[in-house]
Structures are given as structure tokens and as C-alpha cells.
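Chain IDs A, B, C, D, E, F, G and H follow the sequence of writing; residue 1 opens each chain.
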Amino acid sequence: MELTVYLAGEIHSDWREQLKSKAAESGLPLTFVGPQENHDLSDAIGEKIIGSQPNNVTRDDAASGINNLRTQVLMQKADLVIALFGEKYKQWNTAMDASMALTLNKPLILIRPESLVHPLKELSNRANVTVETVDQALDVLHYIYQ
Amino acid sequence: MELTVYLAGEIHSDWREQLKSKAAESGLPLTFVGPQENHDLSDAIGEKIIGSQPNNVTRDDAASGINNLRTQVLMQKADLVIALFGEKYKQWNTAMDASMALTLNKPLILIRPESLVHPLKELSNRANVTVETVDQALDVLHYIYQ
Amino acid sequence: MELTVYLAGEIHSDWREQLKSKAAESGLPLTFVGPQENHDLSDAIGEKIIGSQPNNVTRDDAASGINNLRTQVLMQKADLVIALFGEKYKQWNTAMDASMALTLNKPLILIRPESLVHPLKELSNRANVTVETVDQALDVLHYIYQ
Amino acid sequence: MELTVYLAGEIHSDWREQLKSKAAESGLPLTFVGPQENHDLSDAIGEKIIGSQPNNVTRDDAASGINNLRTQVLMQKADLVIALFGEKYKQWNTAMDASMALTLNKPLILIRPESLVHPLKELSNRANVTVETVDQALDVLHYIYQ
Amino acid sequence: MELTVYLAGEIHSDWREQLKSKAAESGLPLTFVGPQENHDLSDAIGEKIIGSQPNNVTRDDAASGINNLRTQVLMQKADLVIALFGEKYKQWNTAMDASMALTLNKPLILIRPESLVHPLKELSNRANVTVETVDQALDVLHYIYQ
Amino acid sequence: MELTVYLAGEIHSDWREQLKSKAAESGLPLTFVGPQENHDLSDAIGEKIIGSQPNNVTRDDAASGINNLRTQVLMQKADLVIALFGEKYKQWNTAMDASMALTLNKPLILIRPESLVHPLKELSNRANVTVETVDQALDVLHYIYQ
Amino acid sequence: MELTVYLAGEIHSDWREQLKSKAAESGLPLTFVGPQENHDLSDAIGEKIIGSQPNNVTRDDAASGINNLRTQVLMQKADLVIALFGEKYKQWNTAMDASMALTLNKPLILIRPESLVHPLKELSNRANVTVETVDQALDVLHYIYQ
Amino acid sequence: MELTVYLAGEIHSDWREQLKSKAAESGLPLTFVGPQENHDLSDAIGEKIIGSQPNNVTRDDAASGINNLRTQVLMQKADLVIALFGEKYKQWNTAMDASMALTLNKPLILIRPESLVHPLKELSNRANVTVETVDQALDVLHYIYQ
């Protein structure tokens, strides 16, 4: 039973690498997909492909269209979604991706630190499972195969 | 042609009252629904109905289940959704509600200040229309009836 | 904002009458629907309409087809569902109706006594809200209108 | 034509092993999935992954979120579902899973002893096929390939 | 609780009038819709609106497009469907409409004489309820309101 | 049986007024909705609401977001769609709206002159009914009520 | 691009074998599925698996539940459906399967003799393509790969 | 992560060959599908398979049914869609296919020359990404794998 997991959430830390390398050790047949992790590329991709834009609003819109296409293609391939919130940043894309997953009936594991319990309470309540660490999310993936 | 509009977003300012009162002046057949605007009640509703909870996590979870039920009932009645982001607060519920609306194929008008152009660029790209003020959102509603 | 509420669950007590009469006092624009509450009629309706059946299996099947048609028609009209489990009876129809509601994306309020916490834990986890009394379920309905 | 079959139902007997071993003998390209069959692990998985909980309600809720995620992932992979009811236990999860399958348009084979004809009559009427033994369910699987 | 009922089936007898007049006597809030009952008009409607056609195949295709549009509009309005098969005629439209209803998750009452038990066995098995007379179908409608 | 009809197609002639006035004479309970018919307003609405844009591409994008929101809101209310193609103009919005209607399972009447038979053959084949005049489309609406 | 094709229609002639053997010669990556072609087995399968039934109605119902499960499993795997009507038999299962396919958005090729043009006109109008011979249906399959 | 891409748009230039050959050089696991590119065959396929037709309207309808079946089968297999508009031709099939893709929730890349900005503004606004060249579309495909 191969499963594809979309990893939504912050792209400023190496949590995806940690999770992928531990999953690889376990030998489970998991494929991981997710957003563009090169932050500069993610912001610049619109102008890089389409050409220079007249202002910041249109520059951002050009990039986000391509990022959204990527997310839509990959999330539709996913069997479940893990969304990680850190303590910094606004992370509205993480909330947007998590809610898209839930509304598409894709199971969701939410990872968030204890400090974010209150502001994430409604999203946590909709998630299937809420944990605090990447290792706990990996434990949930393992449990599917036990 | 009566339309029901769900007003997602911050509950710390009176933007909903402004929008509703201006809409009422225009005489358009609009019904507005939205989240619980009494912040204290919204946080306390779990314990108020279900009884005291063992800790903050479960207190928050009890409240959020009831808030989520409310949102789900009312958003399913809505023909379109307006989501407002302000400059303060994490506002992950606003992002969650906006994404749910889009995924359910409900048209979305996003209201956000210029300062939030960059962090909201992917959500803005998915929205049908992005504006900066409540009056502009109201102009879009008027345009449907012109 | 009129709402239709399907009341799933045991038909051996008068909990629906309690809930309806308290809701009527509150003046909220709620319409309640639910299964056939006349237990004998519910069991006999197949033979009553279609004629006598060769054995108990076919007698039960004849009745259940008509009961299921009724549930399907009325639940499709419902905006949300309340499901009550009591301490007696197998109540598999209640579980079936509650799960149908959740899978159809209809919000669910689960009412169950403390003694059933463990056997109903997975259903409770999928429900939007779990309470122990009819009055608490009514409080949740009130909260939608506050 | 490979098919994946979700085996819902009681985890206190070895019916899944019987069914799987007989299916293996037949050489049909069937993959079987199902709930966690280690009952203690199933009840403890919440605290095992997330940590100790303040009381039984939250302990059960923590476990059930993870069990529900597992069910949702695996059932979405399934082409059809077999649900077995035995004479003991409340088995509300079995009823919940069977109804989820039917509502998701997954074909359902119901296995139940004659003694449960009456209380399961509505679920049996919605099922595609109702049988009394594991061997009969296996016969239905064989028939798909004949 | 107003319900709309689509009456599929033969247009050569007056069964719809019988059913409607008995339903009217009962005072139930039922609205009935259905196919064009004027057989000649139904066959001629293509040429009548679009103009003369080069041969019988295209004449029939022109009529059937308009008949199918009518069915699609009205069946999408229906809460449930009653399909009647008589002993004469091929009645493939009745089978087509009944199957469309079931696939759209509209509850179906099938009316067929005892002589058609065998050739209609698969459709009868998918229907919610199978009866032999118009009065029995009306009894099922009454039961929804009891 | 009230029906709402979305009128897609060119906004440079008065075909909608003709159709609406003839429908009004017939007394049928039809409500007509459609795109913004004031062409200048339709092109300018983006800058009018959101403010001046840096170039023609962004000016057009600002207007089209608002026009698309309008179409989405109104088409979701529609029971069927009429799409008219004339001999001039590219009319890609008409093709887009007609295809959206068909994909959403909304019945479609296509009106096109004989000169466009060949380039519209695939759309015509998907439409429920293809006619050449507004009067013929109105005849199809009448037929639903006969 | 592998495709799975469900072959609905009469089981009294060898049209499926003809079609499969010609398709095999062409080397196209097609997999064919369909109903049980052993007529006696198809009628007897209920009693064969579940045991003897009290009368013909229940015997037929037992068989049809198993046949319907088979159809549902296999049609959900299919990318397109071919339905053949011959000049004999009532063939309501063929009409039922064809309509299920269309309503599930599965493309349909209808094969019917010229003598059935009139009674099948509405189904033919809904089908993507209508032909008169098995070879023509095969030509359509070939065209997908050209 | 293998992806299937449907290439909608004009069949009078070799843009598909350019795109496929460049994609092949990159080694990405992409499969391309699309409409019949032999224009004469596309127009003649109806008469070629079904036989000579009485006039041009029916000749075109016969061909388009087969072309639409092909598009429906292949687009349902696609993970995303690229639609190219050139400066000539009416290209209503391109608009129809692009809108079908968007309504089916398939991500869309629109390729159009600057001269078509205005007439395609609504479709461009609904598309995920709009570019002007085949190479830019290929860049977007590459970005999914970065």
C-alpha cells in the first residue's frame, strides 16, 4: 500500500528533510511531495518565467499563480496531508493548504507547538490528529502500516 | 435574486456592522451570516455548554468544535464569501474559512490592507477578487445586481 | 435563516418531543424531521404496504426499504443532524445515520451518556460536537443564531 | 483487475486471517486492508504518540483521531468493503464504517449471524449483499472474477 | 416539508392522473413533475421547434434532445422518483430515468407488475422500494409524512 | 415550478430583451440572469472598484475577476443555461460559460446561426439542444411547462 | 495509456468475444470487463451463495444483489462503457447500466440495430456515440489512440 | 511522480511536437495526450465510422460525438491541462476544453499571444497561469518537479 503525503507548512526550517530521512530509514512505501522549498525561487518564479512585472502586487500574483498550480497538482495526488506551523511567520499558506486538504476529504495531521494551541484551535479541531513534533507525525504514518 | 453572504475574518473591529448597514441602505436583498462576533463567548462556549474542561487544550477544543459546527452550517447556506484580514492577529481561521469557501466552489472576495500583499499572495491569487476596503467589497456585491 | 434538523436515534423515549417543545418556546426558525417514531408501525410498514412476506428476513427487508427511503429523503433536506444514543439497544441505525450525515458533509451533534464514551469514541471524534443531554444539543442550536 | 478490500468489523476474532488465507489460496489479485487489530494498541495509540491525557474522555479522543485517520486513508483506497458483525459487543464502529462506505458509493458485503437479522435490517437493506459467513463473502469476491 | 416527485414511466395510461388526484385528496404538500405525456408531441417536438429533418434518425434525435433537457431540468428539482413499468412497450426511457435517479442519489420507488419480477430484478434490487400498484407507491409517500 | 435561466453570450445585441419580453408575455415563472450587458462598464469595472492599474493586462485582469465572480454566483443559481453565438466577435466567454454549464450538469440550449455549424460542432454535440433563433430557444422553455 | 472498457448488454450472443479478439489483434492496451456472461449462473448465484430462497421474488433479489455489486465494482474501474442492444429481450439492465455510466460521467458508445432507433432515441441522444455494429465501436476505440 | 498533461488548442501548427520533444530532452516523467491532430481525419471521422450522412449538420455532429468522446476519456486521465490559443481561427473547442478542465478542478496553463489579452481576459483570470510561449509553459511543468 503506497501512500503519497503532501507536506504543507513553513519552508524556512529543515523539518521536511528530517521527516523524509526518518521515513526512508523505516522503509515504508511513502512518497513525499510539497511546496517549493527554495524561498527565493518561490517568490521570483513569476518574473523568472513570465517576465518582469510592473509592481510588487503583480510580481507576487505572477509567482503565486505558479505556486498554486504546483500545490493543486501535487495535493490532488496526495493520500494524506501533514501541515506544520512554527512560531514565526504568518503562515497563511499553511492554513490555506490544510483547509483545502480537509475540504477535499484528505486526512490531515497538524503539527504545532504548544504556544499555538489557542490561535489554531479551530483548525486543530477539524484536523484528524494534532501533534507537537515531526516524530509524532511519523509515528502516525507508521501506525497506518501496523 | 436573494443572496446570502458569509463574512469571514477578524471579530475585533466593527467592519461587519459597517458593511451590513451600508448594504441595508442600498436595499439589496442580501442576508449576511458569519462567525460568533462576541470573542469571549466564542472562547468560552465549549465550557459553557459542555462543562468545565481539564486544561486549556481541551477547553479550546470544546469551544472550537461548536464554532466549527456554526461555520459549517452557515457557510453551506452562503452563495459567496467575503474574508477580511487586518494587520493584527494571526487570523488562521480567516485563512481556513477562505480556503474552505474556495474549495467548495463558493466565490470569494478578499479584503486585505496593502501591507499584507506579500504574505497573502497565494490566497489572493485563488480569490475571485481582492480589494483593500469594505466599501470596495460592497461595490462588488452591487455589481452583481447591476 | 431557517434550518432543518434531522433527529437520529432511539425511538423508545420522548427525547424528540422534549427537544421540539423547548425549541418551539425559543421561537427559533427550526424544522425537525426524523425516523418513524411509532416502533410497531416502523417494523410492520413493509407488510402493511407490500403485503405478507414469506419469512422474517423478507418481512424485515420490506420494512427497512421503506424506512431507508424515508431517512434518505428527509436527511437530504437537513442542514444538520443530531444523533442520540441511549444506554439500551443496539442502535445500529443511529450509528448508520450519523455516519451517513458526516460523510454527506452534514454537521453532526452527538448526544450520548458518559457510560458510552469508550464504545462511541471514534464516532464522537468524527462528530462536530459531543454532548450528554438534549438541553446541551439545544444550546448548540441556539448558539448558531446568537 | 486488482481489487482492494477494506475489512470492517470486530477485531476480537480471527475472521480476517481466515478470509485472507483462503483468498491467498485462490490466487485472486486481492489486497486486504482494515482497522488496527491489536485492540490494546488501538485503545492506547493516542497516549502512546501524543502523551498522557488528563482523563478517559481525552484519552479515548486522542486514540480515536488516529484510528479514524487510518480508516479514512485505507477506505479511500478500497474498491469494496466487507463488514462483519458478531453477536457480542456494540460494534458501532462497524456500523459507522459500513455506512461511510455506502455513502461514498463503495459496494458493501455485510456478514451477520441470523440472530442479528432484525437489528441490522436497515443496514442490510442498504448493503449490496448480506451473508452469514466469511466463506460466503469470499464466494462473492470470487464471483467478480468469474 | 414540501416534496417534489418525478413520475417516470409509461405515458400510454393515466396512472399519473390517478396518483395525482389521490395525492391531492390527501392534502400532502407534494408537487409532481414528469415527462411529456402527449406522445405525439413528444415524438414531434424536434421538428416542431427546429424544423424538418432529413430522415427518421435525425428527426428522433432532434426530439430526444428536447425531451432529455426537460427530464434533466425536472429531475434535478425532484426529491424522489417513482418509476412505473407496464407490461407492454420497451420502456427503455423508464429504465434510463430510474437509473439516473439512483445514480444521482435520488430515492426511487419502482412500480412493476408481478410478471416483470425477473427482467427487472437488478433495477428492483437497486431501488429503495418496489411495489406493484400506484396506491402502494402513494402509501410510501404518505409514510414519509406520518 | 420556478426556473432560473442564465443567458450567456454576446452583449452587443438586444437578444436578451427580446427573449425576456416574450417570456413575460407567456406568464411562465422564469427568472433570467446573465453577464453584465453594459460593455463599457464590464471592461472598466476593475479600475472603477479597485483603482487604476499599471497596464492593460492588469486592467483587464482586474475587470475579469469581478465579471467571473458575477458569472459564478449567478450560474450556480441557474437551472438551465442558454448560450447565443452571433456571427461577429471571438465570443470565448460564451464558449467558456457554456462549457462550465455542461460540466456542472446544467442543461444547455445553444443558439447559433447556420454559418457557425462547423466551428461550433463539438459544443453543439455536447449541448442538450441546438437551435438557430431566440424564438426556438423560448419554445424549448415553453415545452418544459407543457 | 491503458484503458478499461465495461461491456454492458446482452449476454446471449458472443459479441464480447468478437470485440475482445479483434481488439487483441490490434494490440491496443485495452482491458475489458462486464457482467456475468453465464446466464444460468447469473440467475442462480443468489441461491448458490446464500442458500435456497422462499420464492421467486426473493431468489431473484438474492441474485441481483450480487450481480449489482459486481457491476458497481467493475464499472467504477472503467474509463468508458460500450452498451449493446439486440433485437430480442427486454434488456433493462443494459439501459440501467448505460444510464449509470452517463450519470457517472463515463463516456458511452451505444450499439443498436436500425430497428431500435425510435425506442432508444433518448438514450442514443445522451450517448457520446451511437453505432450499429461491434466493428464500428472498435473503430471508435482505435480512434482514441490515433 | 508521473503526470499526464492534456494539450488543448489549435491543431494547425506543430506546437505539440515542439513541447513534447523539449519535454523528452528534460527527462521528466510526463505523458502528453490531446485531440486528434489530423484535421481532415477529425472532420471526417463520423462518416468514416458511421457511414455517409444526409447533410453537413449531421456529418459534423457525427464527427464531433467521436471527438468529444476522445476528449472526455483523455482529459479525465489528465493531471493538468495546457491550452494554446493562436491568432487565427475561432478556437471555440480550445475555450470549451479549457473551461471543462477548470470546472473539473484540473489546473490550467493558458498560452496566448499578447494580441489576445483582451478577448481572453476572463479565461485567463480563471486559469492558474497565463503565458505567451510554449517554452514558458514547459518552464511551469519543470517547476513542479524542482
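Definition applied: a contact is a pair of C-beta atoms (placed from the backbone, for glycine too) under 8 Å apart; a residue touches a chain by one contact, two chains touch by 3 or more.
Here is each chain with its UniProt name: A, B, C, D, E, F, G, H = YtoQ family protein.
Computed from a prediction, not measured in an experiment: that's the story for all the values here.
Each step here moves to a touching chain, and the least such steps from subunit C to subunit E number 1.
Comparing the chain pairs A-F and A-D, the larger number of C-beta pairs in contact belongs to A-D. As for how the two copies subunit B and subunit C face one another, under half of their interface residue numbers coincide.
The pair G-H is the one among E-G, A-F or G-H whose contacts match those of C-E for more than half of the residue pairs.
Note on subunit G versus subunit H: their Cα superposition corresponds to a rotation of 90 degrees, in steps of 5. One simple way to say how far apart two chains are is to compare their mean CA positions; for subunit B and subunit H this gives 38 Å. Distance from the subunit A centre to the subunit G centre is 43 Å, each centre being the mean of its Cα atoms.
With centres defined as mean CA coordinates, subunit F is found 31 Å away from subunit E. Those residues of subunit B in touch with two or more other chains are numbered 65, 68. Interface note: chains touch in the pairs A-B, A-D, A-F, A-H, B-C, B-D, B-F, C-D, C-E, C-G, D-G, E-F, E-G, E-H, F-H, G-H. Across the complex, subunit G is touched by residues 31, 33, 36, 38, 41, 45, 48-50, 65-66, 68-70, 72-74, 76-77 of subunit H.
Of all residues in subunit C, those touching subunit G in their complex are 54-55, 58.
The touching residues of subunit D, when paired with subunit G in their complex, are 1, 3, 79-80, 105, 107, 109, 128-132, 136, 139-140, 143-144, 146.
Contact residues on subunit C toward subunit D in their complex (touch as defined above): 56-57, 60-61, 63-65, 67-68, 71, 89-93, 95-100, 102-104, 117-126.
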